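Structures for review follow.
One chain, chain A, links the two complexes that follow: it is found with chain B in the first and with chain C in the second.
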Partner chain A sequence: MAQYTQLGLQDAASPLMEELLHFHDHALMIITLISAFVLYIILTMVTAKTTDKYILDSQEVEIIWTVLPAIILVLIALPSLRILYLLDEINDPHLTIKAMGHQWYWSYEYTDYEDLGFDSYMVPTQDLTPGQFRLLEADHRMVIPVESPIRVLVSAEDVLHSWAVPSLGVKMDAVPGRLNQVAFVASRPGVFFGQCSEICGANHSFMPIVVEAVPLEHFENWSSLMLEDA
Partner chain B sequence: MSEAVEEKLKNYRTAPFDARFPNTNQTRNCFQNYLDFHRCNKALSGKDQDTAPCQWYQRVYKSLCPMSWVQKWDDQLEAGNFPGKI
Partner chain C sequence: MLATVRKQLRNHPALIPLFIFIGGGAAMSMLYLARLGLRNPDVCWDRKNNPEPWNKLGPTDQYKFFAVNMDYSKLKKDRPDF
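Up next is the complex of A and B:
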């Protein structure tokens, strides 16, 4: 989950998010170094006692400060394009789940074998137990098997919503009448949080997404239990 | 039912990648399989053949389509005002 003073992205829980995270840190390091360097030059120039008389014909430094930025840009562009194409790889999912946005909750449907559907409402702040996260917990989590390619089809039953889980590197708009596909693999077991990412009315901030990745046998037990309860 | 179709149905996990719908928008994928299921049923039962191969389309549309959409379309079919051509 997100934390108050975090500097970077949340810990990755999927291979694609790992790539995005490393790229983000790589690009951020480059721009931080450039900004620090430029700041240093500005401060040096502003506080210098001498003035530079020679403002013409500096062929060498002109070449350096043209070629070096071009090289830096290539070093940013190449990993960026690699990730861009990685995101569009063809997937072979093991499981399809539908995430339907409503005002103001999500509902999940697992219909590959039986018809399993349930709603997922935020746990109100006064009902939280110690250790739970305010505005992030939900009464029913979307449980998935770990290390399995999952296809999530996102849609909405009323207005625009958006289904996002940052640690899985996933965000997809929920549009009424449209079925948007997003795929991912949870590389480790855990509980991953997200929040609705498209303004959808009064309780837009209070319809979180909770994904729980568990070993396959646990997932099968959970889905049998859910079907019995339904 | 042919062996190949039986094999495919037996090993069904979820709707496989369909090259006709390679992009993010899978709306048509869902609708097309729903149409194909009903067209397959109509065609095969019209010729007095076993409609078991049509189960493939049913499994795919059940995987892909939201339950509320399927319910609505089933109600429309029953009422005779389904917008698609079966």
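Up next is the complex of A and C:
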């Protein structure tokens, strides 16, 4: 989950998010070095006591500061395009879940084998138990088996919403009348939080998404329990 | 026009990398746009002879430009014909 004064991205919980994190570090390092270098040049220029008033141009330095930025841009573009194509690859999902956005809650349907569906409302602040996270907890979590490719079909029943879980590297708009598909693999067990990411009315900030990745046997037990309760 | 450019290049050879990168970038973008226009199955040019090319995709077709981790020849068809 996001933390107070957090500066970087959340820890990755899926291989795609790991790739995105590493690319972010790569790009951030490049722009930090460039900015530090430019700041140094500016400081030396500004604090210099002497000036050479006969410098008009220099072909050599022009070539350097054309070629070097072009090379740096290529070094940023190649990993970026690689990740772009990686995000769109076809995987073979083991499970398909439908996430429907409503005002102001999410509902999840697991209809591959049986008819399992439930709503997921935010836990109100006054009902939180100690240790729970304010504005992030939901009464029913979307439970998935760990290390299995999951396909989530996102749509909405009323207005635009967006289903986002940053630590899984997933964000997909929920458009009424449209099915959007997003796929991911949870590489470790855990609880991953996200929030609705498209303005949808008064309680847009109060419809969180909670994904819980558990081993397969626990997932099967959970789904049998949920089916019994329904 | 070309004579002017050639004279400027002789006096300022630092402009040559600029031509290379900008020319190369423009060429690559145009080539990719042409590839998208001609080879993308979402595009229909001939309504009489090839009306819906997106219906002709097989399970092993790769229509994206670049495959990082995906072996398209291993995919199988898992939906019924219609």
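Throughout what follows, the second predicted complex is superposed on the first by the 228 of 230 C-alpha atoms of A that agree within 3 Å, B and C clash if a C-alpha of one lies under 4 Å from a C-alpha of the other, contacts with A are read in each partner's own complex, and residues count from 1 in each chain.
Just so we're on the same page, a residue touches a chain if its C-beta (ideal position, glycine included) is under 8 Å from a C-beta of that chain, and two chains touch if they have at least 3 such contacts.
It should be emphasised that the depicted structure is a prediction, and the values quoted were computed from it without experimental measurement.
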item	value
More chain A residues in contact [chain B versus chain C]	B
Touched partner set for A:L179, first chain B, second chain C, both or neither	first
Which of chain B and chain C A:T66 touches, first, second, both or neither	second
Which superposed partner A:T51 touches (first chain B, second chain C, both, neither)	neither
Touched partner set for A:E157, first chain B, second chain C, both or neither	first
Touched partner set for A:Y85, first chain B, second chain C, both or neither	second
Residues on chain A lying within both footprints (that of chain B and that of chain C)	90
Chain B to chain A touching residues, read off their complex	12-17, 22, 24-27, 29-30, 59, 62-68
Interface residues, chain C side, partner chain A - complex	12-14, 16-18, 21, 64-70, 75
Chain C partner contacts - residues on chain A that touch it in the complex	57, 59-60, 62-63, 66-67, 70, 81-82, 85-86, 88-90
Residue numbers on chain A that touch chain B, as the complex places them	90-96, 98, 100, 109, 111-112, 115, 117, 151, 153, 155, 157, 172, 177-182
